Every structure is written in C-alpha cells, then in structure tokens.
C-alpha cells in the first residue's frame, strides 16, 4: 500500500515535473533542434521571462495570463535578436557551433547581470491563489503549483504541433531545418522564417518562465541549473521533434521522481544524464529521432 | 575473367523504409559501368554500401574474392575502392596538395616520394598550378578535379564517380570524361553515377538502372536507354509519350 | 616556427618561469598567473579535439574535475607528490576521454557536445554522493610542502603549471604538424571524405578525445595544491566548460598558438576585471567582450591577423 | 685591512640605522594612510543573495569614519566579487594582502569559499574575521581567526543544538532529518545526527537531497510511515520554499510536533513575504530577531540605516540575518585596534582572545579557535504571522525565541495548533 502510494505519486509528480521541463526545453527544441543554433542563453531568457511575470504579478495579474500577453514583446525581442545574430554570422557565411556557443554564452552572462541590476539578487516569486493547495485523486496528491504549469505544457505543445504541421508558415519552419535551398526556390525567405522561429522560441521562454516561477521562487542565476537538463531533453527527444520533447522530458521527470522516492534524492540529478548517455550510446539519434 | 566486385543481395533500410535492395551486381576489372536512376532511387545508397559508409542490413559484398561486408570504409579505401562525392567535400583549411597528402599518410609511400607523387596526380587532373591554393578558394570545376585527384592517390582498382560532372559546362564535362577515360585505360574499373545522359551513354560499356532501390534494367547503354520501363520511370511522361 | 626554434622558445619560457619567483616578489602575480596558465592548458587540451577535429566538447569541466578529484584523492589517501598526482590525473583523463569517446564519438558533433555535458553532471553527482571525497562540503587538501628551492607554495605550483602548459602546447604542436593533425583536420572538414581516403576516423577521434581529456585533467591536478580545498562546485564549474571553448575561439582554433593567445587574453581580462571592477559589472564586461569577439573576429585573433596580412598584401600588389 | 671590534660595532649600528630608516619613513607615511580591510562579497553567482553583507561593512566604515576613524586614520574597505566561486578566492585574497596591502581581512561568505583563503591568511599572518562560516577553523587552527557569527564552540556539531534541546524537553523520541546537498546543510545534518545519538533520540530517516529539488512530496510521503515527532530540515532558500509549501500541499504526519531547525531562507524578507502565514509553527534558527530579549545597544539604529541603504541597493529589506554580523565583524576589529592602539596583528589577536567585545549583536567572547565561547544561535518559532506583508516582522512577537533559554521571549506552541 505504501509502495503503491509512493509509486503512483512519484509517477504523477514525475509527469508534472516532466511537463515543466518540456516547457523550458521547448524554445530550445526550436532554436537548437530546428535551426541548429545552440542557444545556451535560453535558460537565462526563461528566467528573464519569469522576472517579467513577477513584475506583472506585482500588479495583481495572474502569471499565466501575464505570460500569454508577454509572449508578444518577447517575440519581438527574439526577432530583433535573431536579426543581430544573422547579421553577425549567417550572412557572412556559416556560423559554426563554436561561434554561436560563445556568442550565446556572452548573451546569457549579460542577461543575468541585467536581471541583477534591475531586480537585485533576492529570490522572487509570484502569489497565486492556488499555491499551497493540492489536487487529490484517490491516492494521488499533486500540488496545484505543479499541476497548473504542467497542464500548460501539453496545451502549448499541442498548439505548437498543430501550428507546425497544419499551417503554411509552420511547415516552412520545419522545412528550413532540412533544406534551405529548396525553401528559397519555393519562394520563401529562409532568413525571415528563421527569424520568425527564433521569435517564437523566445516567446516560449516567457511561458516557461511563468511555469518555473509558479513552481518556486527564482533568482537571476536560476537558469544555470536548467541548462544541462534542457539540452538533455532536446537531444533525447531527437532534434526538433516537438511531441518528442514532451515525451523525453516526461521520461526524465519520472525517472528523477522514482529515484527520489525509492532510491535516494541525491542521485536524482545524475540519473537523467545517465539515461541520456545510455541513449546516445545505443540510439544516437535520440529516442524519437529518425536516422539521418 | 572473375569479377572484381560482387554485390550479392545487398539491402539497406532506414528505420521502416527500405532504401535499397535486394541488389545483385558485379563489376569486371577495368569495366566502365554507368549507374542511372531517378533521384532517390538508391544510387548513392548503393555506393555508400559499397564504399563502406553505410553498413548493409543484408547481403554480402566481395572485393577481389574477399568478403568485405564487415570492413569499415577506410579499410576498403586502402584496398583500392575509391570514390568521389556528389557534393564535393574538400578538406577545407588545407592547401590543395595537403588534401592529397591525407590519404598518403596511410599508404606505404616513402616520405620523400610523397610530394612528387602528389604533383604527378595534380598535373594529370590539371591542378598543378593550384598546388598551394587553399581548398576553399577553388572553383566548382577545380573542386570536382580535386575530388577525383584525391581518389586517385590511393591507386584505386575501382573508382566510383558520384555525379562528378554535375554543374559543369559542356567543355568541362568533356575534360572530366577524358580524364576518366585515361584512368580507365590504365585498368581502373569505373562506376559512373550521372544524370547527364549523353555523358553516361558515351562513357559506359554497360548501364544499370535503379528504381526505388532495385535494378530494373541492365545491359548495353543503348538497350537500357530503349527499355520501356526505364523510359517510363526515368525519362518520365515526356519520353513515354 | 621550426621545431628547433619552438623548443628554444619553450626552454626560454621555462627558464624565465623558474627565475621569475626570484625576481618578482609579490605572490599575487603567481596566483593570477597560475589561473592564466591553467587556462592555457585547458584551452590547448580542448583544442586538440574541439579545434583540430571539430568536435565541440561542452563538458570540459568533467575532465578538469576528474583531474582535481584524482589529485585530491591521492593527497588524502597517500599524500602523493604533485608529479604523481599530475600523471595519475592525466591517465584518468585519458581513460575518461576514451570511454566517453567510445560511447559518443560515433555520433555527430552536437550530440557529442551534449553527451559531454551529461558526463559533467554524472561525475558531479558521484562526487556529491561520495563521503570519502567530502561530498558537497568538499575536501580540505593540505598538500605536502613545496621544495625548498621555491619562494613559496604558490610560486611552486605556478612553475608546475608553467611546465604543464609547455608540455600541453608541445603536444598540441606535435599533433598539429604531424599526419595525426592532418587526419584530424580532414575529419573536421568531412568525415565521410576522410574515411574514403583511408583515414580510420573513429580511431583518430578516440585518440584525440583521449589526449584532449588527458591534457585537461592534467590542468586540474595542481588545483588542490593551489586552493587547499576542493569542492564539487569549483571542480565541475560551468565557467571552466564555457571558458574552454571561448578561449580557443578568441585566439583561433586552427593552430596551437590560437588557444594560447585566447587563454592568456581572456583569463587575464577575467583576472583583471575581478580585482578592478568590484561589482557585478565584471561579469558584464566579460560577456560583452565575448560577443564583440564573435561578431568582429569570428575566426579569432589568428583569423584577424591572416585577414590583415592579406589586405596588406593586396594593397602592396595594387601599388 | 683589519677592522677593530669597536669599528665593527659602529658599522653595524650604521647599517641598522640605514636599514631602519625606510621603515621609519614608511611608518610615518602610513600614519596618514587609511587602515584597509579587505574581503570578497558574492555579488554574482549562486550566493549572490548574500551580497547585502556589503551594506553591513559599509555602514560600519561610514559610522567609524564619521566618528574620526581608527587611531586617527580613515578606514577603507577593499571589496571584490568572488562570483560565488571558491576557485576565485585564493587569487583575490592574495591581491588584497599582497597588492592592496590590507591590514585586516573578513572572510568570504560561507565555509566552502572561506576554506580556500584560510591557509593564505594563516601564511600571511593576517587577522581574519569569519562571516557566517561554519567550522572553518577546525582544521587549520589559525590563532588569528575570529568568528563573527554565534555558532559557538564545536559549531559543526552543535550550532543547531537548540532544536534538539527543545525536542528533548518536548519528549520527542523519533526524529527525521533531511538536508540539501550543500556544505552548510550537510554539516548541520551530520551534527544533528550525532547530537541525537548522544541524546538518545532515534533518527528514523536521514535524507540528503539535491538543492535543486523542488518537489518534496516524495520525501514527505516517505516520512509518513516512519511517524517522526520532529523533523529537522536543513535547506537552502529555494528548497525551503518548496518544503514549506509542501507542508500544506502534502501535509505532515500528524505525529510531528516540531518542524524546522536548519532552514536557510525564512530569514530573508522575500521568502517571509511570499510564504506569509504558511510559516506559522515552524521553529527555525536565526541569528537576530527583533525580540525584547535581544535589545543590544546600536542594533536598532543599524537596522534603520540598513533599511534605507537596502532600498537603494535593491537587496533584502529586513537585513536581520547577515548584515548585523558584518557590522559586528567590523566592530571586532575596530574595538581591538582602539584598545591596543595598534594594528599589530599579534597584539590585536591577543587582545581579542583575552577580552570580550561589545558589538551591535551583543557581547562576544572568543575561545582559542576564535569561535564564540557561547552558542547564541536562536531557535525561534513563527507565531501569528499573517499575509499582511513585511512590516509585521519588524515587530516583536512574530518570531518568538524559544532557545537559548537566556534569550527566551515566549512559549512554544505545538505545530498543529500554531498553524490553525
């Protein structure tokens, strides 16, 4: 009975945690998975999003609502940033992995310091009525501060997936990952599509930020702990696979929750990455990726 | 005369999709074989299996009487199976001559003789004047030539030329064809993958046509070109009319 | 530069390094110098795989941390001398490089980069869960005293790091100028083409990964001696991983001198900003510098120099 | 050439004067130069939440200089950012000592950062005042190290003893311990475990979890079956928040009467504000709370000045936790320098070993390792907290001191009752 209780709840909170990881990883699934831009600044942008949500929440606005509205300015920031990136690299030839990594490393440092200067270093959080209460179903007890942001993930992912598979510009975005030349022949401007994709990824950062800050307080450097894990999720998913991102994140979340519940919490961080290493050794294209 | 290459029942799958096979094909020493077929018909997959970049999922590949199915690509290269790539893949960050030194590092050639040997090959493809140019600086034709030159370094017994003439002008095509002919005269068997029909037809002694991973026609160039099936899949509606 | 000249310069640098503690009294410069040299070793080691072969190792701190903890373990268990620590760390680093390489080098670049990140977290978790290594609290490592010839422990560990840096640069240069370097460059340009030219790519990549890992781990070995205390946060720090790739980029990845220049430049700037800008803006300065470099000199200092030379050459040709 | 013994004596005297002359000259010049105190503050990185310590130092400096400085000389602070990274510390402290020529040192915040500078301080023989570093001098045993925080002797083991004393008086027989996998928390947990073993309290579970964990439901669930009567939690701010939320989300076993002990986080204004009434009933350590039993001279004035400075610097507006002890760290130095009339390291250290120091956090006496002779870590219970915001915490009665008995300011309320 105790075992069942623990197992069910580990499963539930693992899935919830996984959904939240998926949200944080989603922007990267686009920039890294589709555009092949290793945006290591994404977690820092997520935290910037969280701070923006905190600001709105101080005026009494619901964090998720605030995040939805804030996607617009973040989208614009993403556009502007891609423009800068494209000018710096892509038009002058190729921007290789190393150069992009270094550039985004610099960007993440700047984002962090900007947050420190603007907000100080104290932990910030949001106040929402449902924090502190739990959803109960039989043996399962799941805090709302996990459940609510976790529900955001499938909704966002479904929306994104529909967008990617059903709309013209979504399809173009997926096509740009595969064959840029073919795309420009068919009358699309690849740079415009990539810019749009980057804007979208940045807009997703603010949704992820809202999710994180509902779960717990953040400080300007909180993005660093997520960096490894989100890359792990994106790679495990198979680059660019949007539903795969959710599945991979849930696998990691559940694995962490089970290790925490049954083994020892202190091994939890390593387990996710052990899964990743094992997967890469056995299935180099990720669990849900197709061979190229 | 026994075949230099024997491909028996080779298959290649990507996930659930079978990209190639089963294919049976043999190549005689010194033969000029043309490999044709529409895009995605499995031509490049077949030669990737032959050169060892892909591991075949089924079947065996025999080279000079030896089963090489399990051998990695670099071993096959050293045995004498050379190839050029559809999209030229020069070793950027090196000079033209250094490009040729890469394969030589793995051949029993004396250190003192290497440069001379490399220059010989460069002269034979007409790149001698570009010996110190960085690979990035080459023109499309020069890249194609470098691609062939690099393949020649290993003194191949079989050379696979994967669309070595794509994007070249008529005059340049003739250059490359002449080059390949000279090689063949020295006894090198050549597999030519090409979309430029008149070139394949002129060059090949035998032509094989692939479609959706299978051989649909094989024989003398003229015969294959006349084949109804080939015309339908390859030359499309226009030719069929 | 010919081998003879290179060796001559290396010997001169080594001699200067040995004499320096006698001339320069202020120990601070040896503390700062140690850090700069440590990064010379790290960047040079990183570049063997990341620059020559084009495989971005994002988890440099896994190898560095392995070196740090190998040395710390040897101090705690046997009070082993520094030389033994360095050699053992290099051995462990090579082994780790071999294993990681075998697991992940068959896959393409980006996956490899991420796999190395995973390695950092796995090793860090292991250390966290090891009571013998002190877990999160770290381990105080009072190393055996420095040989009497040196003015103090800092000067000693500085000289050790200087020797390591020369060894690392020597290894990198030897690789670069040999057939090994040529094969690695071929791999960087095109793996299938290299393979088709008879280059055993997997074996070459494994070798590069092992050597690179060994050199980076070696850079971590004197850290317990330098800091007297090791902790997982410092040993597996993200900063090391990021610096390791930023430095070769700033210098240029094609030649051994690039990472050296980049490491000296970036590490010095970091050292100087931390003790001159006494606020969070020191990090900001580093961030801006990285961006400026990537945008203005994407091929690093070496690229910039080559471009300048070309321009001057062209001007001369026209006049 | 032969030199007589007398001539030799003269020569020697001449040389010694010649050699001493620059020393006299420099010491005369030094009279006009400021007395420098150097340290690092974690302005960036994981420990950036502690950067309000700088305000403590600066207020001390400003007050001192306004009153004419030390020995007639101005006091100057040299502060650098250590980026929360122990690897940065040795280099920076060497810069402070060898280049900036500071006269005294404060340590960085916390034990891991401090561990990399202690050997250096000892080697260069500089008086160093510990800033909340736990057990930093246990291994190095440096005779010029003095701890500003009230961990007391044998801090690693005993600093949270108050919690266990309370548990014993409450008749607790079974206790559960959970700690974040960080240096401070793990030391505290290990110390707590040993205290329990001595006191005969059974430790029914002992969990170490990663500090990034934000879901404590599994840990809380595992606790249910073990029915502990007290839970000793050693956590860091993010996980403290998660755990306190878990209290209402998952709930504690009904058997639990005491909860808290070693949580870092509920000392910070931002978390106190966020958690509000969820804090009620928690008994947690603190170093200062505005209770009537802790009215040391100067503390209220300090907090008022701090509040103004904190607003400008965008840091913790309450400043109960670290800043008063940074101010006190300064006072430890200035009092000793005033008393000895010298900045001689040995004289200052000897004086500090022999005499108590009056500071805004009370009278401090040091033992041979430089720790306070008496532990004064407060175990305070949150009582009657509502969601009205920060001001309530500035008044007495919200964080009632239960231990040490000498500072007791109220009675323990059982956990369940305090939360209803």
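Lettered A, B, C and D in written order, each chain numbered from 1.
Rule of thumb we're sticking to: a contact is a pair of C-beta atoms (placed from the backbone, for glycine too) under 8 Å apart; a residue touches a chain by one contact, two chains touch by 3 or more.
Just so we're clear, the structure is a prediction, and the values are computed from it rather than from any experiment.
The chain pair with more C-beta contacts between its two chains, of A-C and B-C, is A-C. Most remote from chain C, judged by the distance between CA-atom centroids, is B. Separation between the centroids of chain B and chain D, computed from CA atoms only, is 74 Å. As a whole-number value, the distance joining the C-alpha centres of chain A and chain C reads 31 Å. Measuring from the averaged C-alpha position of chain B to that of chain C gives a distance of 42 Å. If you average the Cα atoms of chain C and of chain D, the two centres end up 36 Å apart.
In chain D, the residues that touch at least two other chains are 43-44, 46, 48, 181, 208, 210. Touching of two or more other chains is recorded for residues 112-113, 116, 224, 264, 266, 269 of chain A.
For chain C, the set of residues touching two or more other chains reads 128, 280, 283.
Chain C meets chain A in the complex at residues 50, 56, 58, 103-104, 106-111, 113-115, 117-122, 124-126, 128-129, 238, 242, 245-246, 248-250, 253, 280-281, 283-284, 286-291, 293-295, 298. Considering their complex, residues 32, 36, 38, 88-89, 92, 95, 97-99, 101-103, 105-110, 112-113, 116-117, 224, 227-228, 231-232, 234-235, 239, 264, 266-267, 269-270, 272-274, 276-277, 280-281, 284-285 of chain A touch chain C.
Chain A contributes residues 2, 5-6, 9-10, 13, 16-17, 112-113, 116, 119-125, 127, 131-134, 141-146, 215-217, 219-222, 224-225, 257, 260-261, 264-266, 268-269 to its touches with chain D in the complex.
In the complex of the two chains, the chain B residues touching chain C come out as 51-53, 72-74, 77-78, 82-83, 85, 89-94, 98, 101-103, 105-107, 135, 150-151, 153-154.
Those residues of chain C that touch chain D in the shared complex are 26-28, 31-32, 34-35, 128, 135-138, 140, 142, 152, 154, 223, 226-229, 231, 233-234, 237, 239, 271, 274-275, 277-280, 282-283.
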